[in-house]
Amino acid sequence: MLTIDAKNVDFYYSEFHALKNINLEVEKNKVVALIGPSGCGKSTFLRLLNRMNDLIDGTRMTGSVLIEGKDIYAPGIRVDELRKEVGMVFQKPNPFPKSIFENVAYGLRVNGISDKNFIEERVVQSIKSAALWDEVKDKLNKSAFALSGGQQQRLCIARTLAISPKVVLMDEPASALDPISTAKIEELIYELKKDYTIMIVTHNMQQASRVSDKTAYFYLGEMIEYDDTIKIFTNPKELSTQNYITGRFG
Amino acid sequence: MLTIDAKNVDFYYSEFHALKNINLEVEKNKVVALIGPSGCGKSTFLRLLNRMNDLIDGTRMTGSVLIEGKDIYAPGIRVDELRKEVGMVFQKPNPFPKSIFENVAYGLRVNGISDKNFIEERVVQSIKSAALWDEVKDKLNKSAFALSGGQQQRLCIARTLAISPKVVLMDEPASALDPISTAKIEELIYELKKDYTIMIVTHNMQQASRVSDKTAYFYLGEMIEYDDTIKIFTNPKELSTQNYITGRFG
Amino acid sequence: MRHLEQEINSLRQDIIEMWRMTISQVYNAGEAILSFDKDLAMQVSMRERKIDAFELKIDSECENIIALHQPVAIDLRLVLAVLKINSNLERIADFAYGISRILLANPSLILDAELITDSKLNSMIQQVNKMLAQGLEAFETEKPQIAAAIFSEDYQVDEINANVSRKIAEYIKKNPERAYECLQLMGVFRKLERIGDHCSNIAEEIFFFTDAKILKHTDKKL
Amino acid sequence: MRHLEQEINSLRQDIIEMWRMTISQVYNAGEAILSFDKDLAMQVSMRERKIDAFELKIDSECENIIALHQPVAIDLRLVLAVLKINSNLERIADFAYGISRILLANPSLILDAELITDSKLNSMIQQVNKMLAQGLEAFETEKPQIAAAIFSEDYQVDEINANVSRKIAEYIKKNPERAYECLQLMGVFRKLERIGDHCSNIAEEIFFFTDAKILKHTDKKL
Amino acid sequence: MQVKRFFEKLIEGFLLISGSITSITILLIVIFLFKEASGLFTTPVVEEGYVLAFNKENPIKHLNAYQIKQIFDSEISNWNEVGGKDMPIEVVRLSDLTNYYTEEELGAEFEHIPAKASELTAKTPGIVLFLPKQYVAKKFDGILLDHETIRPGDFFGGKEWYPTSTPSAQFGLLPLILGTFWVSLGAILLALPFGLAVAVYLAEIASMRVRNVLKPLIELLAGIPSVVYGFFGLVVIVPFLQQTFGLPVGETALAGSIILAIMALPTIITVAEDSMRTVPRAMKEASLALGATHWQTIYKVIVPYAKSGIMSAAVLGIGRAIGETMAVLMVTGNAAVIPHTLLEPVRTIPATIAAELGEAPVGSGHYQALFALGAILFLITMIISISVELISKKKYAK
Amino acid sequence: MQSKRISQAIAFTLFKLMSYAVIVILVLILGFIISRGIGVINWEFLTAAPEEGMTKGGIFPAIVGTFYLIIGSSLFSFPIGIMSGIYMNEYATDNKLASFIRIMTNNLSGVPSVVFGLFGMALFVNTLGFGDSILAGSLTLGLLSLPLVIRTTEESLKAIDNSFREGSLALGATKLQTIQKVVLPMAFPNIITGLILSIGRVSGETAPILFTVAAYFLPKLPNSIFDQVMALPYHLYVISTSGTDIESSRAMAYGTAFVLISIILIINILASVLRNYFAKKVKMN
């Protein structure tokens, strides 16, 4: 079964047609990178997958998005339940002003889990999965704000992993970080794909090439090309894609 | 004569020793990139060259910096005169809330030039040098805010060129821009070095490799290595440099 | 024009230049051997160092482009293709040099007209000259179909070469005292065969560059 | 470990594997020719396709690393060196195959023990085997000094080869009826010489990789 | 889960209700203020319970409050001055009846007053008789001016504020409006240059240390209650002005302006400084990097960029001055006359309300007049709020 | 070129002088009140009722009255104001209703205090029949401070980056959970300081209580919320302008002004201490 299956998706901000007939399928445990010039609709598409766009007034969608076969825009779908399945990591690290532990436990708690042992186990495991354990194990009760930007971003990833999502969405997760932290995040993504399906928006072509299995190139709300990353970066089908990735664009 | 010649420069923020015995020479019409992990002192060094650090209380410098042979920290140096010689472009595009024309004319006006024809000529020429003319020639009287981010940044460059600096400093000039605008800025830098000496701070190693003739690697306030860019990127002398540029750092 | 494009254009110019020099080396070496022109051979021999230097230059251009510009897609394929074409060309030039060395090292290498005709040396030389020219044309015009012809031509070169051993052996049997010269001649054929081979490799690289197809070690029926 | 490091490690493993296969091909081809072992020659011949496939694999690994990971400094040098070492190894293996083909194509290629000793075939074979092994060791241990030995050894191989023409010519003069076999044998020597040459190239690449020194077309006095 | 849903909806409802409370308040203010205020224009010009009476022959049908006051103050003595025939006015108050009739004639219990009043009116052509309603005869032989109400023109154009005068209270807005205007104008003229200077100084020139001392001080002063400022004005500024200018009284418009200026300073300083501080650092550095001096940077970049904030500061300062009550009440002397110089006592709208509302009987004309003042004040501040809104929006419209 | 430097020197000197002039005036006011008032303060002054036409005795009833009014108005304005702020910033995101409410709130905050007095009198005292009472006064003051509380709350909430909300929602939290567990705790320090400062405002207001609660002289303490009380600001007004013997009640006036200022001072200090405390807490733990 496909993990993500977007069919004929059209999206509008009021009158503005932001996404045009997008069809995109993602298999389990793959990393898909979305690239394209600014304003082409990458973030919009990403936020469609956990219905984060619902928060914006006057938006409208047609077509369907299936996550593990379930239509997430069907009536009766509980958005908060969906968002547990489809985690999200944002551009700027945004840990809550709580302790490191509580940050990771947050998702569990708001989802009604109160079993202490379970929470503790899950938190530790998530922090480990986010390759952060060694750096924070002695200060789980310290404020998350005391961490560096790169550590904060990994904490945010740990926080997302704690609720055991099937899909992890990342919108330019490293664009606010320095090269060293960026490299760590990229490594982490590479590790995580063993257990999760990941979709990442990035402005950094090299990043897309390094971390992803497949790459989708968006332009003016259309998905121009979607193929194996190596294909896109060595021999894209579309001239528009080639122009973009070789920097001949515009 | 060397365009920039920093000798035994030490710099302190109050107690914090931010730059340690930096010696760096730049020849005319070269592009020098400063790279290094966050907080290593790149921006501090850059801002030393037009005495922008003067604005911060409690800073202290020893050693000397010569621009075209003139010690810019000598007593009696007029900072505003110096800053005309050493232009600066910032991380985020920061045009003034004036028209495009007035933005570029600003530097001339504050320096006491009032000859209309001269100003007009200079403005046009600067905008052309900044590879922006075709895009703005019909709307010189429109607000600069109506331009896109990339255009704004080129406008800021034009504004700097208008006062005919000898050196142009750029602190991550493209980090807030998308890849297409970034590519344009990089191209522009490549063009500009025909007439200016350029020093650019960048977090983007690829950018450093693409635009610069020489690269300086900073680490914890020290300049670890300074060499031809091609040398740094194919065969750096120092292991620390190699680890940084190959991403093995930390 | 963009900086990377400029670099790539100049790389392209350089490899074409290298190509032309190589073509002229091979042509001259062939002429020299056919007309037993030692001066020409000397010329070829002296040009060798220049080609070597040019190879290094192109090699480092390619490396610099990769190290500094992170080319992708068509740009990357061009650089990688040039990298390989370059070493093939150098090799080819090397063989031309080898041929001229043979001529210069064997003042007594006076070849029997009959043997020459019989062994098809002339047509083999023409063939590789043609292949080299075709390669260059295919590269310059980015038309892989032109390169495609090279594969079948190389086949003919190989055929000539396969028969030449026998022809020369027969000749030796008749003229054992000329065994050494014949062995030297044999070397010329071997070298021409290798040139043909390298032309094939170059054709493969042209396909890789234009169409991202990898033809190496496949039969080249297109 | 980092993703790129993993990729590079696996590339390294692959080129070493390729190297080992090539070494074994050359060794077997040598053994086959020396002991006139057609079965062994057959084996070498059959392994050739595998090596070709492996070459392609490594080639595309290198290209992928360059396209996807933008390696710089030591990483880039490794990838570029591997790219070239790889094609050298393939070439070497090709020659081993060629030698085995000669054996298989000439059932009558029974060589005179005296000629063999005289022409130093044995020691030439040993020499190239050694050079190949040294190359691998230098690469694995990243010790360019080991590679340095290869240059002088190649010199010896060239020497043997330079004399072999004369030796064989003399032999032919004595036994003109065996001219064809001798020409074939000559081919074996040529191929061994080429292997030696390629080993030198590999050594150059090792220097490039470890020390970023470009030794090509220079005299290798270190 | 279902319970949780419901609970959330419920809370959302509460929040909505709370959110609308300010709007409701504004609405209520409008309703109450304007309802009471509009009562003013149905109030008779003549004091409640009294009437004015004229001779039948007198063509005068209307008199406004000011005319009545002038007539009774003998400032008008001929009917032609108010549009009637040329004959002298004869003012007769109830108590004056004894000049025309003896006590007996009027009756021991004054039971004959209605008849006599009627009679007197009938026989005196120039009469204007001011009479409690209870003494108006059933068949009164004359014209009664009892339905006449205060007209808006009287209120807005009225030059006198004298709510306790009889027979006709004076609710002329002009002196109050002008008082408010003069005091506020004086205040803002004093406060603006100083306020902006301090704002520029704090935002740009002062060192961090100086700023860290001054800023909390200014915030503190913003919090000091207006009565305290008023008190200070009363005990320090008022005597000071009296001595300096040799005035009969120190309580003058100028005293009010000075105190208001001081009170408006923190507002102006804080808003203007904040808006100058929001000028991106990058903007400032850009200017310096182009070789501009600091001062050039301030007036060419920072001030224009913060323009809308600075204008808001000015407008808010004016708003504060106009609406301020207690301090002004305490130092301006509260004379409801149209001022000619700043050195005279004046009375502002808010001070009037504060001073008089306690004494005005609920529902009386006076009470309603004060609400009308409140309504005017409310409108003025509304206009100010909206203009601030527009000014700060404009920043982004460009 | 010299001219641009000279103009800078002149301008900066001028600004500096003007600034210091202003600061001196402001400090003078404070210093004057404090120096005259501090001598008046003693135990009796703080705990006794006024005597002898308010020329003797203390201001205890006024202190208590002000205290009641602070409590009363806060009970009204805090919950409603905070909820309103939450509604405006979190729920009514960008629709017309929200901007209408926002304009209304701004307008309300610009309404002069005396108009609140008028309105309170009309609505609470007369229409609702509370009479002059703590209840009427508190409600009036509550309404007056409402825009302040709302604005403080809204601004504190606005200062919180949207990414925190999105972060919480993306973890499957509902909107209310997000507000409750992430947004409010983060905004809490700023809200609290804002609330404290609003108390300062309330405690000094005179005009709104003139006609809704304040008593000229009332030596006894109130028994219920329907009683009148004295209040410090009104008391100061009264004894400095219309006391029976203005001259001899001057000392009382200075004392009262001093107490008023002290309250403001304490509130400001409290607010800044809290602000620092919370700022540190966020950084530290």
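All chains are identified by letter, namely A, B, C, D, E and F, in their written order; residue positions are counted from 1 within each chain.
Methods note: contacts are C-beta pairs under 8 Å (C-beta built on N, C-alpha and C of every residue); 3 or more make two chains touch, one makes a residue touch a chain.
Source: prediction; values computed, not measured.
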Label of the chain whose CA centroid is most distant from the centroid of subunit D: E
Chains linked by the largest number of contacting C-beta pairs: E-F
Subunit A and subunit F: spacing of chain centres that average the CA atoms, whole Å: 47
Subunit A-subunit B separation of Cα centroids, rounded to whole Å: 35
Separation of mean Cα positions, subunit C and subunit A [Å, integer]: 52
For subunit A, residues that touch 2 or more chains besides their own: 183, 205-206, 209, 233-234, 247
Where subunit C touches two or more other chains, by residue: 2, 4, 63, 67, 70, 72, 76
Multi-partner residues of subunit E (at least 2 other chains): 293, 296
Parts of subunit B lying in touch with subunit D, wherever the complex brings them together: 205-206, 209, 232-236, 242, 245-248
Touching residues on subunit D, where the partner in the complex is subunit A: 2-4, 63-64, 67-70
Subunit B residues within the subunit E interface of the complex: 50, 52, 55, 57, 80-81, 83-84, 87-88, 90-92, 94, 96-98, 106-107, 109-111, 143, 145, 156, 159-160, 163
Contact footprint of subunit A on subunit B as seen in their complex: 37-38, 178-181, 183-184, 203-206, 244, 247, 249-250
Touching residues (chain side subunit D, partner subunit C) in the complex: 49, 52-53, 55-56, 59-60, 63, 66-67, 70, 72, 76, 80, 83-84, 87, 165-166, 168-170, 172-173, 176-177, 179-180, 182-184, 186-187, 190, 214, 216-217
